[in-house]
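What follows is a pair of complexes built around chain A, which joins chain B in one and chain C in the other.
The block that comes next holds the complex of A and B.
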C-alpha cells in the first residue's frame, strides 16, 4: 500500500471513528456538570478518614491503593523491559570514546551548561524530596517527586561526563533502591494483614494535625517508597538509553 | 451545558492517529502515540470538572468548599505513569530496530525481514 492510499483509508476510517467518539462524548453530562457521587463523597470524608489534605494522594495511596501497586509495578516492569531490550547483543561491545581516538580529546562541556546544571542539581534534590514527602498535604506525591529526583541525577550527567554520572548512580545501587521502593509499597500492604486488616488498609496512626507531614498514616510512607522506586526506575531507563551511545556493532 | 472540551478530546485523538498512520519515522510515531494518550488527560480532567469548584486540597479551604472530582485526577496520574513506561519501552525498541535494519522508516521496516 502506498502512503497515499494509506492516508485515504485512514481518512475514511478515522472519520467514522471520530464520529462515534464524538457521539459517545456528547452523551456525557456536559463539562462542569460532574454528577458524582464518588468524587463528592471522597471530598467530604477523605480529610476526616485519612487526615490528608491532599485528596488526590488519599485516593491514590489509600482508597485506590491496590491500583497504585499495579501502576508502580508497570513502571518497574518497564525499567526491566528497557534493560532487557537494550542488553548488549552478540557482536556488540562497549567502548569508551577515548579508546577509539586516543590522540583526540572529547569536546569539553561548555562552562555555561556546567554552571547551570550544577546550580539546578541542589534545588532539584530539595524539590524532589519535598514533593515526595508532602503527598498527604499538597499537590505532590511519590510519582512526581521521584521524577524530579531522577532529573537531579540527569543534571549531573549534563554537567559532566557520562562516566561521572554512572559513578554517581551505580546500576547495582539503583537496582537495589528500585527493588526496595517497589517491595516496600507491597510490604506496607502486607503489614496491614498482620493486624487482621484488609490489604493496604491505612493502619498507622494518622496524626492529630490535619495536613502536617506526619499525618495520614500509610499515605506518607507509601509515597516515600513510590518516590524511591520512580527515581530509581527513571535513572535506570536513562542510563540504559545513554549506554547505547557507548556501543559499537561488529568486531570494530 | 458546554461540550467544547470533549470536542477537543476527539480532535487530539484524531490528530494523533493521523500522525501515527502517516508517520515516516518511528520516534515521530512514538510522539504521535503520546499525543493520542494526551486526549485521555483532557477527557479525564474534563469529566471531573465542576463549574466554579476549586482543586480538592483542603489545606486552606473548608471541607464544604465545592471541589472537583479527585478520582479522575488520580486516574490522570496513573495515565501519565503508564505513558512514561510505554514511551521508554518503545524508544528502546526503536533503538534496536535502527541497529538491526539501519532505518527508522516504518514503511521500509515493514518490507524487511531480519
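The block that comes next holds the complex of A and C.
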C-alpha cells in the first residue's frame, strides 16, 4: 500500500469511526447526572468498613484489590519484558563508555546540577515514602509513591555518574525487590485464605481511629508492597534503558 | 469456603514473583525453575479441570475480598465459572504445561524471565476466562497482552522479532484503548462494572446509541485479539517470529480467548438489551465466513511453516466466530468443542515444527523437502495432527465443526457447510502437503518463490539446531496432545454436555441471578431451541470427505508438476502471493488503517441495524 492509499483509507475509516463514536457519546447522561449506584454505596460504607479516609485507596486496595493485583503484575510483566528485550545478548559484550574518549576526560557534571540533584534526593525519598505509607488517609498510595521513590534514585544518576547509579541499584537486587513487592501483594491475598476468608479479604485489625496511619488493616500493607514493586520496576526499566544507551555493545 | 477459583490465578502469580526473585540465586541449578514452572502450570490445569467438571450442573461464583452484592449492586469483583469458561481456561493451562515441557531442552539458555512471563501469561488467560467484571476482564486482557508482546520479542538478536512484536503490541494496544473507552462509556451509563449488573440495568431501558457504541468499542479489542479479518494482520507477523512454544499458546488458545470474550460480553451484558438477534447474528457470521475463507487461501499459498499454521488459525477463528455468531446453543457448543480440538492439534503441529527447527534448522517448506525423512515419530505425529486439522473422525475437531455446520444448516444458512468444507480442505491440505513433502519426501519440492523464501529463512537462532536426537521432552508433549484430541472426540455424550453448557452460558437471566442473587440455576432457559447432537452418517461423510479432500489436495500440490499436460514452471496462485504481500505488508501503519476502516464498517452496520 502506498502512503497515499493508506492515508486515504485511514481518513475514510477514521471519519466513519469518529462519526460513530460521537453519535454514541451524544447519548451520555448530562454532566452531573451520576447514575450510581457504585459511588453512592462506597461513599456510604467505605469509611465504616475499612477505617480508611482515603476512599480512593479503599477502592483500589480493598474493594477492587483484585484488579490492582492484576495491574501490579502488568507492570511486573512489562519490566520483565524490558529486561528480556534489552538483555546483553550472546556475542555482545559491554564496555565502559570512558573508552570512547580516551584522549580527553569526560566533561564533569556541572556543580549546579549536582547540587540541585542532591537537594532533591532527600525530599523525594521522604515524599515517596510518605505517599506510599499514607494510602489509607488520603488518595495517595504505592503506585504514586513508588514512582517518586524511583525518581530519587534517578537523581543519583543525574548528580553523579551512571556507573555509580548502577552500583546503587544492581539489577539482581532490583529484581529481588520487585519480586518481593509483587509477590508480597499476592501473598497478602493468600494469607486471608488461611483464616478461611476470601482471597484478598482485609483480615488485619482495622484500628480504632479513622484515618490514622495504623488503621485500615491490609490497605497499608498492600500499598507498601505496591510501592516497593513500582519503585523497583521503574528503576529496573531506567537501568536497562541506560545500559542500552550508555554502555557500548558490539560483537567480538 | 472453597478457594479453588482464587488459587488458579493466585498460584501462577505468586510463582512468577518467586521465580523472578529466586532465579539469580540458583546459579547453575536453573533446571529447578523449569520444574517449578511446569509443576505450577500442571497444578493449575488440574484445578481447572476439577472446576469444569464441578460446574456442569451449575455455575459457581467467587467474590474477592468477601464483598457480596448489596441489593443487586456488586461492590467487589467476582469470578463466575461455568463449564465453558473453566474448560477454556483448562485448555490454556494444559497448553502452557505442554509448551514449558517442550522448552526444557529447546532453548540453549533460558532466561529467568521466560518462566516469569509464561506464568503471568497463564494467570492473565485464566483470569480473563473466569472474571465476571468488565474492568477486571480488561486487566487480565492487558496482563495477557503485555506478557505475550514480551514473549514474542524473546529473541531480540534479530530485527524480525522486534518488528513482529511491535506490530503485535501496537495493533493490540489500539484495540485495548478502544475496549477501555467502551468500558468507560458503559460505566458512564450504568455506574456499574459487574457484567451481570450492567446487563440488568441496560435491559431495563430501550437499546440506545450509547449502548451500541459501547458494545462495538468493547468488542473491538477482542476482534483484534482473535484475528478476525480485517483485524488479523498482526497474527502472522507475530507467529513467524515468536519462539515456537509461545506460538502454541498464541494459536492454540489466545486467539480463541478473544472470541470467548466476545461471547461472554454479549451473553452477560448486551444480548437482551440490544435485541435484533438476526442483525447481530448476520454481522458476526459474515465476519466469520470472510475470515475463514481469507485465512484458508493465504494458508495454502504459504511456504513458511509457522506462518502457514498461523493463517490456518485465522481460518479456524473465522469458523469459531461463525459458530458463536449463529447465537444458537449448538453453534456455541460446536465452537467450544472445535476450539478444544483445534487447540490440541494446532499445538501439536507447532511443537512438531519446533522439533524440525531444532533438528534441521529451518521452517522453510521448500528447503526442507525430503530432509525430514529420518524424523519418523515426528512425521507420524505431525501427519496425524494434520488429519485432525482436516476434521477426520473421530478427532474432536470433527465433532465441533459438524455441530457448527449442522446448526447453520438448520438456521437458514445451508451455504456455510460447503464453504467451510472448502476452507478445511485448503488449510488441511496445506498442512498435509508440508507433512508429505518434509517427512516423506513425496512429489517435488515446491518451487522457490524468492520473496517467500526470504520470509521463510528468517528463522535462525531460536534453538540450537542440527541436533541428532529428538529429546523425549520434545516429542512426548505433541504426541500426548494428538492422543488427547482423539480421546476427546471419542467421549460419548460430549455433544450433549457441551450443548447443555452452552445453554447455560447463553441464559442471561440465569447468569444474572447466579451472580447477583446467589441463585443456583437447575434448569437454564435456552435462548434458542436445542438441536440433536447425535452423529449422523452425513456428518461422518462430511468429516471424512474433508480429510480425504485435504489428502487429495496435498498430493495434487506435491505431484502436479509431473503431469505432462502442464507447462513446467507455472505455479498456481502467484496472483495470490502478490495479494498476500500487498495486504500483509509488515507495515503497522497499514494494519492500523485496516483496523480503523473495519471498525467503522462494523459499527456502521450495527448502528444501522439496531436503531
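In this section, the second predicted complex is superposed on the first by the 241 of 252 C-alpha atoms of A that agree within 3 Å, B and C clash if a C-alpha of one lies under 4 Å from a C-alpha of the other, contacts with A are read in each partner's own complex, and residues count from 1 in each chain.
In this section, a contact is a pair of C-beta atoms (placed from the backbone, for glycine too) under 8 Å apart; a residue touches a chain by one contact, two chains touch by 3 or more.
No experiment lies behind these values; they were computed from the predicted model shown.
Visitor: Give one of first, second, both or neither to describe whether A:241 is in contact with chain B, with chain C, with both, or with none.
Guide: First partner only.
Visitor: Looking at A:69 after the superposition, I want to know if it touches chain B, chain C, both of them or none. Which is it: first, second, both, neither?
Guide: Second partner only, chain C.
Visitor: Let me test your reading of the model: by the given contact rule, A:210 touches which partner, first (chain B), second (chain C), both or neither?
Guide: It touches chain B, and chain C stays clear.
Visitor: Report for A:60: first if it touches chain B alone, second if chain C alone, otherwise both or neither.
Guide: The first partner, chain B, only.
Visitor: Of the partners chain B and chain C, which touch A:174 in the superposed model: first, second, both, neither?
Guide: neither
Visitor: After the superposition on A, what does A:182 contact: first (chain B), second (chain C), both or neither?
Guide: Once the two structures are laid over each other on A, A:182 reaches chain C alone.
Visitor: Looking at A:138 after the superposition, I want to know if it touches chain B, chain C, both of them or none. Which is it: first, second, both, neither?
Guide: It touches chain B, and chain C stays clear.
Visitor: Please indicate which partner A:199 is in contact with in the superposed arrangement: first for chain B, second for chain C, both, or neither.
Guide: A:199: touches chain C, not chain B.
Visitor: Regarding the shared-chain residue A:14, is it in contact with chain B (first), chain C (second), both, or neither?
Guide: After superposing on A, A:14 lies in contact with both chain B and chain C.
Visitor: With the touch criterion stated at the top, can you tell me which chain A residues are shared between the chain B interface and the chain C interface?
Guide: After superposing on chain A, chain A residues 6, 10, 14, 17, 21, 25-26, 28-29, 34, 36, 38-39, 42, 64, 67, 71, 74, 77-78, 81-82, 85-86, 89 contact both chain B and chain C.
Visitor: Which residues of chain B touch chain A in the complex?
Guide: On the chain B side, the touching residues are 1-7, 9-10, 13-14, 17-18, 21-22, 24, 43, 46-52, 55-59, 63, 67-74, 77-78, 80-82, 84-86, 88-89, 91-93, 95-96, 99, 107.
Visitor: Can you tell me which positions in chain A touch chain B when the two form their complex?
Guide: 3, 6-7, 10, 14, 17-18, 21-22, 25-26, 28-34, 36, 38-40, 42-44, 46-48, 53-56, 58-60, 64, 67-68, 71-72, 74-75, 77-79, 81-82, 85-86, 89, 137-139, 141, 143, 147, 210-211, 230, 234, 237, 240-241, 244, 249
Visitor: Can you list the chain A residues touching chain C in their complex?
Guide: 1, 6, 9-10, 12-17, 20-21, 23-29, 34-39, 41-42, 45, 62-67, 69-71, 73-74, 76-78, 80-87, 89-91, 172, 175-176, 178-180, 182-183, 186-187, 189-190, 192-193, 196-202
Visitor: Once bound in the complex, which stretches of chain C touch chain A?
Guide: 1, 3, 6-7, 10, 13-14, 16-18, 20-24, 62-67, 70, 73, 75-77, 109, 111, 113-114, 116-117, 120-121, 123-124, 127, 133, 135-136, 139-140, 142-143, 146-147, 149-150, 153-154, 156-157, 162, 165, 181, 185, 188-193, 208-214, 216-217, 582, 585, 587, 589-590, 592-594, 596-601, 603-604, 607
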